[in-house]
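Below you'll find a set of structures to go through.
In what comes next, chain A is part of two complexes: it sits with chain B in the first one and with chain C in the second one.
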Partner chain A sequence: MKRSSLWAGAALVGFVVLVAIVGFFWTPFSPTSNGPTPLAAPGWPHLLGTDAFGTDVLSRLMAGAKVVLLVGVLSVLGAAVVGVPLGMAAAMLPRWAGEIPARLADILYGFPALLLAILFAAALGGSTWTAVMAIGIATVPAFVRVARAATLQVVSQPFVEAAELAGVSRFVIAGRHVWPNIAPLVWVQASVSFGIAILSEAGLSYLGLGSGPDAPTWGRMLREAQDHLFSTPILALWPGLAVAIATLGFNLLGDGLRDVLDPRLRERP
Partner chain B sequence: MRVRRIIQLLAVLLAAVMMVSCSRPSGGSSEPSDQGAERKVLEVGATGEPAGMDMITVDGAGTPFVLLYNVYETLVKLDAERNVKPLLATEWEMSPDRLTYTFHLDPQAKFADGSPVDAAAVVASFQRIIDGAGTGQVKGNFAPLKAVRAVEDKVVELELHAPSNYFLLSLTTPAGIVVNPAADVASLNETPAGSGPYQLGEWEPGSKVSLVRNEQYWGTPPHYDEVNFRYYADPNAMNTAMLSGQLDIISNLTVPQSIGQFADTSKYTVHEGVTDGEVLLSFNNSNPALAKREVRQAIHHAIDRQAVVDAAWGGKGELIGSMVPPGEPWYEDLSDTYPYDPEKAKELLAQAGHAQGLTLRLRVPSLPYAPPAARSIQSQLRAVGIEVEIEELDFARWLDVVFSQGDYDMTIVAHVEPRDLRMFAREGNYLHYSNPDFDKLMQEADEGDETAFVEKQKEAARLLTADAPVDWLFLLPNIIVTTPDIDGVQADQTSLSFDVTLLASSR
Partner chain C sequence: MKLVVDELSVRFGDTLAVDKVSFAVGETERLGIIGASGSGKSVTSLAIAGLLSETARVSGSIKFDGQELVGLRERDYRRLRGNRFSMIFQEPMTALDPTMRVGLQIAEAIALHDRRTGKRLTVEEELQRVGITDPGRVADSFPHQLSGGQRQRAMIAMAIVNKPDLVICDEPTTALDMVVQRNILHVLDDVLTDRAALFISHDLGVVREVCPRVIVMQEGHIVEEGPIDAVIAAPAHDYTARLVAAARGEL
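The block that comes next holds the complex of A and B.
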C-alpha cells in the first residue's frame, strides 16, 4: 500500500517512455504527411482517427511523446545542474554571500514560465529550444530551494563540522558529504518538476510559443483540435489524455520516490 | 498532501474530457437592455486590433476597420459594389487632359467640433502626405498627387503628375481622409478628429474600442448610439461570446470550421461574401533557388490548393490563381494555370538543377490561417523533394523580420488591401520582385483610358501568373454572423472599413 503510488507512477512513466521510444523508430503512418481521408473517425486503419490534414492521430501522438520527453529531460536536467550547486552554495557560503543566490532564486520565482517563454519567443522566435530554455530557467528556483534547505540540515550535522575542523575544503565537503545526503531529495524534485515541465510544454506549444507547426507535439495537437471542437470534438481528447497521463505518472512517481528515499520519512516507524 | 495532488490531477484529467464535450450555452441573445434612456448599442466582435488611431502613420488593417467612414470621412467612398460614391464631395469633374480633379464639397459638411469641412481642411490633410508623412501604403496611394489647392471655400482642386485611373480609388482609402485642421497632428494617434457620424469613445487597448454617436453629424444620423468593437485573441472565444448573446455581430469569422455553430436561422444570420484578401505563399525572389522561375512554377504544380483550403480554412475560400479577386472588371479565372501535378513539379525542379532536392525556410505569422496552411504545404512539397522548415513568428515580429527586412525564403500571408495588383510594381517590396515588363503594363493601365485600364491590367495579371512570383493559395472569405434583427450588412469586404453607419436593427 505504501508503495502503490511509486508503482502506479513507474508504470505510467514506463508506458510513456515506451511509446516515445517506439515512436522514435516506428509509427503506423507518417506523423507529418497529409492523408487522403481528413477528419476520419477512430477505426481501422486509423485507430484514433485522423485530423483535418488526414494525418493519423496515433502516429502524431507517438511522435509527440518524443518531443515531450526531450523537452522534459533537457529542461529539468539543465535546471538541476544550475540550481543544485547554487542551492548548496547558498547554504554553505558565509551568511551574506549565501543570501545572494537564495534571493536571486526568489526573484526568478516571480517570473512564470509562460512569461519567460513569451520573452524568449519575442527575441528568438518560438521553437523547441525556446521552450526548453524557458521551462528550464523557470524550474531553477525549485532546485535552489530544495538543495539549500536540505544542505542546511546536513551542514549542521557533527560529521560535517568535524570535516571542517579537520581542514577539508568546502568543495570536498560538498561533494563527499553533502551531495550523497541531499541527492534523494533532488531526485524527488526532478520527478515532480518533470511533470510540471510536460504540462508547461503543452501549454507553450498550445499558444504557439513552443515547437513549430511542423513538430507534432501534444500541445500543438490540442491547439489544432480547438478549431474543430464543434465538428470533431474527439480530436481534443487524445492529446489531452496523453498530457494528463504523463503528468499524473511523473507526479505519482515523485511522491513514491519521496516515500522510499526521504530519510526523514524512512526513519519514522 | 499526496491525496490532494492526485485529486488535482484527476481534476485536470476530467477537465480534458469535459473540454471535449464543450457544452453549448443555452438561452438566446438576451441583450442587457438599458432601462429608461433606450440607448441603442451594437456589440461587434473583431480580431485585428488597431495599433493606433492615426491611419496615416499606423500600419495594419485594424485602424481603418474601425475608423474609416465611421469616424473619418473621405471625399468619395467605395460602396458594396466597388463603385465610387459621393461622401464629403457632392460632385467632381476631371479636366480633359485627366490631370486635374475638381471636387465640390457638401456645404453642410462639418467636423465633430462644429467647424465646417472646407477646402482648407482638405488641403491641410493632403499636404501632410505630399510633404512626406504616412506609411508606405499611404504614400504609394498618393504618389500620383502633385499639388492640392483651395479654389473657393468649398471647392478644391487636385493636380496629378500623370493621368491615373487608380487615383479616384485611392481617395476612398485611409490616405484620403479629411482631418480637422484644428486638431494637433501629434494627438491624432490617441484622439481622431474627423467628420463622421461617430466619435471615438473609450479605447481599452487589448479589449475594446468604443464609438459614440457624433451629435453634431451633418448627414443622415446613424441608427446606433454606441458601437463597441470587442477584440478577441482567440476566435473560438469570440464564437462563444456570440453564442452566449454578448455580441450582435461577428465581423469576420476566422474559424470557418465552426460555422455549423450558427446554423440555427431563428437566432443567427450568416452572410458569406468575399474579401480582397488574397492568401499568398510568398517567395523571396532573391533567394538563389527561388530566383529561378522553374522552381517557383514547380512549387505551383506541387501544391493541391483545394487540399490547403480544406485543411486550413474549412474548405471556405475561392481558388484564384492571380492577384485579382472575382468582381473586379479585369478579373480572369487563372486558377487552372498550374494544375496539381507532382510529376511535372519534379521535372521542373530537375531542369532548374535541383533534382536532389532543396531546403527552404517557411516563416509564417501566427495568424489563424498561416500555420495550418504551412503544415499542409510542407507535406505536399516534401513529396516532390522540397524540404520545408516551418518557423512561426509572432505577428509584430513577422512584420519586422519578414515584411520590413525581407529575411525569409517563403511565407504565408493575406494581402487585404483593395486592388493590390500594383503591389508587385512597388519598389522595395518584401518579395524582392521586380519585372520591368509588368511595371510598364501597370503604368500604361494607370495612365491610359478606361479600356486600357481594364485590358492592360488583365495582361499584367496574366504576365504575373506566368512569372509566378508568389503562389496564390486562395481568397479569404468574408463570413459575418449577426443576430437576425440586424440589416444593412455588407457581405463583401471591398474597402478596409467595417461600415457601421448603414447597420440598423428592427428590434
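The block that comes next holds the complex of A and C.
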C-alpha cells in the first residue's frame, strides 16, 4: 500500500512508453494521411474514430506519444546534464563563485517557459527542436536548485570532511561522494520535470510553437479538435486524456520515487 | 614538538569561538582537550585540520612539524591531510559515505597517498588491526549494514591507514554505548602508540583512559592544564571541579 503511487505511476508511464514504442514501428492506419471517412465515431475499424481529415485518431495518438517522449527525454536530460553540475558547483565552490549559478538559476526561474518558446519560435521557427530547447532551458533552474540544496546537505556531512582529510580533491569528492548521495533526489526531480515537460510540449504544439504541421502531436490534435468541439467533442477527449495520463503517470512516479529513495528512510537498517 | 598552537583565535562574525589558545603536543604525546559543548574544543581541532568554514577568521599560529598551518593554501593542506595527520569523527554513521562500500572508502584513502598493489590485502589487514574479526565481510558492506562499533573501527582504520604522525580524535566514543566505548578505547590506545594525538571529549572518564595530560576549555579559553590525575585530584578551576564532580559517579 505504501508504494501504491510508485506502482500506479510506473504502470501509467510504462503504458505510455509501450504505446510510443509500438507507435514507432506500427500504427493501425497512417497517422498523417487523410482518409475517406472524416469525423467517424469510435468503432471498427477506427477504434477511437477519425478526425476532420479522416485520419485515424488512435494512430495519431500513438505517433504523438513518440514525439512527446522524445521532447520530454531530450529536454529533461539536457536540463539535468546542465543543471546538476551547476547546482553542485553552486554548493561546493567558494561562496562568492557559488552565488553566480544560483542567482542565474533564480533569474531564469522567473522567466516563463512559454515566453521563452515564443522567442525561440520567432527566431528559429516552430519545430520539435524549438520545443526541446525552450522546455529544456526552462527546466534547468529546477535541477540547479535541487542539486544545490542536496549538495549543501551532503557536504555538511562528516564523511565529506573525512574524504577531504584523506586528501581527496574537491572534483573527485563531487563525483564519488556527492553525486551518488544526491542522485536519488535528481531522479525524483527528473520524473516530476518530465510530467511538466509533457504538459509544456502539449501547450506549445497547441499554440503551433512546437513540432511542425506534419508531426502528429497531442497538442496539435487538441487544437484541431477545438474546431469541432460542439459537433464532435469526443475528438478533444482522446488527446486530453493522453496528456493527463502521461503527466499523472510521471508525477505519481516522482512521488513514489521520493518515498522509496528518501535517504532518511533508506538509512534505517 | 609535533604540534605547537600559539595564541590561536577563531572568530565567526561577532562571536569569538576560540580566544588566544596556546598548547603543544610532543612527538608521541596524547593530549586530551575537555570541555562542554560550545567551549571551543571542536573548533580548535577543526582549525588544526583546516576544515573550518570560510566564514571563520583564524589568527595566531599553528605549527605542525615547524610548518605554519594558519593561512596555508588548500593544495598544501591536502598534501598534509591523511598522510601526515588524520581525524576520527564522533558519529561514524555520517563519517562514512552511505553509498560506498567500507573497503572502498578505506582504499580511497590509501590510493591517494600510496599507489601500491595489493590494496585489498592492506584494507583487510587494517580492519583486522582495529579488531574486526571478519574483515572480508566488513570491507564488502555498506555502512548501514554494520554495527556502530564496527563503523567506528572502520573509521579508525581509515584514519590510521596512511600511518599519520598526528591523529585528531573528535569525541570518538560519544555516540557508542558503554561496552563498545570501552572496546574502541582499547583499539585507540593500541593504534595511537608511537603517534601524537589530540583527544577531544566532554567526558573526563574517557579522556583519563587514554591521555596522561589534559587541557580544560571553557567559552573559548583554556582554564586549566596539567596531568590528568592531578587535575582530577585537585581541580584548580570552578568549571573543572564541576566536571570532576559530574564525572565522579562514573570514575
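Worth pointing out:
Heads up, the rule we're going with is that the second predicted complex is superposed on the first by the 264 of 269 C-alpha atoms of A that agree within 3 Å, B and C clash if a C-alpha of one lies under 4 Å from a C-alpha of the other, contacts with A are read in each partner's own complex, and residues count from 1 in each chain.
The working rule: a contact is a pair of C-beta atoms (placed from the backbone, for glycine too) under 8 Å apart; a residue touches a chain by one contact, two chains touch by 3 or more.
What you see is a predicted model, and the numbers here were worked out from it, not measured in a lab.
By the touch criterion stated above, A:R176 is placed in contact with chain C alone, chain B being left untouched. Shared-chain residue A:L48: touches no atom of chain B or chain C.
Of the two partner chains, chain C is the only one that A:E164 touches; chain B does not reach it.
Touching more residues of chain A than its counterpart among chain B and chain C is B. In the overlay built on the shared chain, the residue A:V132 is in contact with neither chain B nor chain C. Residue contacts after overlaying the shared chain place A:A63 against neither chain B nor chain C. The contact sets of chain A with chain B and with chain C never meet.
Listed in rising order, the residues of chain C touching chain A in the complex are 49, 51, 54, 78-79, 81-83, 86-87, 89-91, 93-100, 108-109, 112-113, 144-145, 155, 158, 162.
Interface of chain A with chain C (complex): residues 94-95, 157-159, 161-169, 176-177, 180-181, 263, 266-269. Of all the residues in chain A, the ones that touch chain B in their complex are 5, 32-34, 38, 52-55, 121-122, 125-127, 208, 212-214, 224, 226-231, 233-234, 236-237, 240-241, 243-244, 247-248, 251-252, 255. For chain B in complex with chain A, the touching residues are 2, 5-6, 9, 12-13, 16-17, 19-22, 236, 255, 257-258, 260-261, 307, 310-311, 364, 366, 371-372, 374-376, 378-380, 382-383, 388-394, 397.
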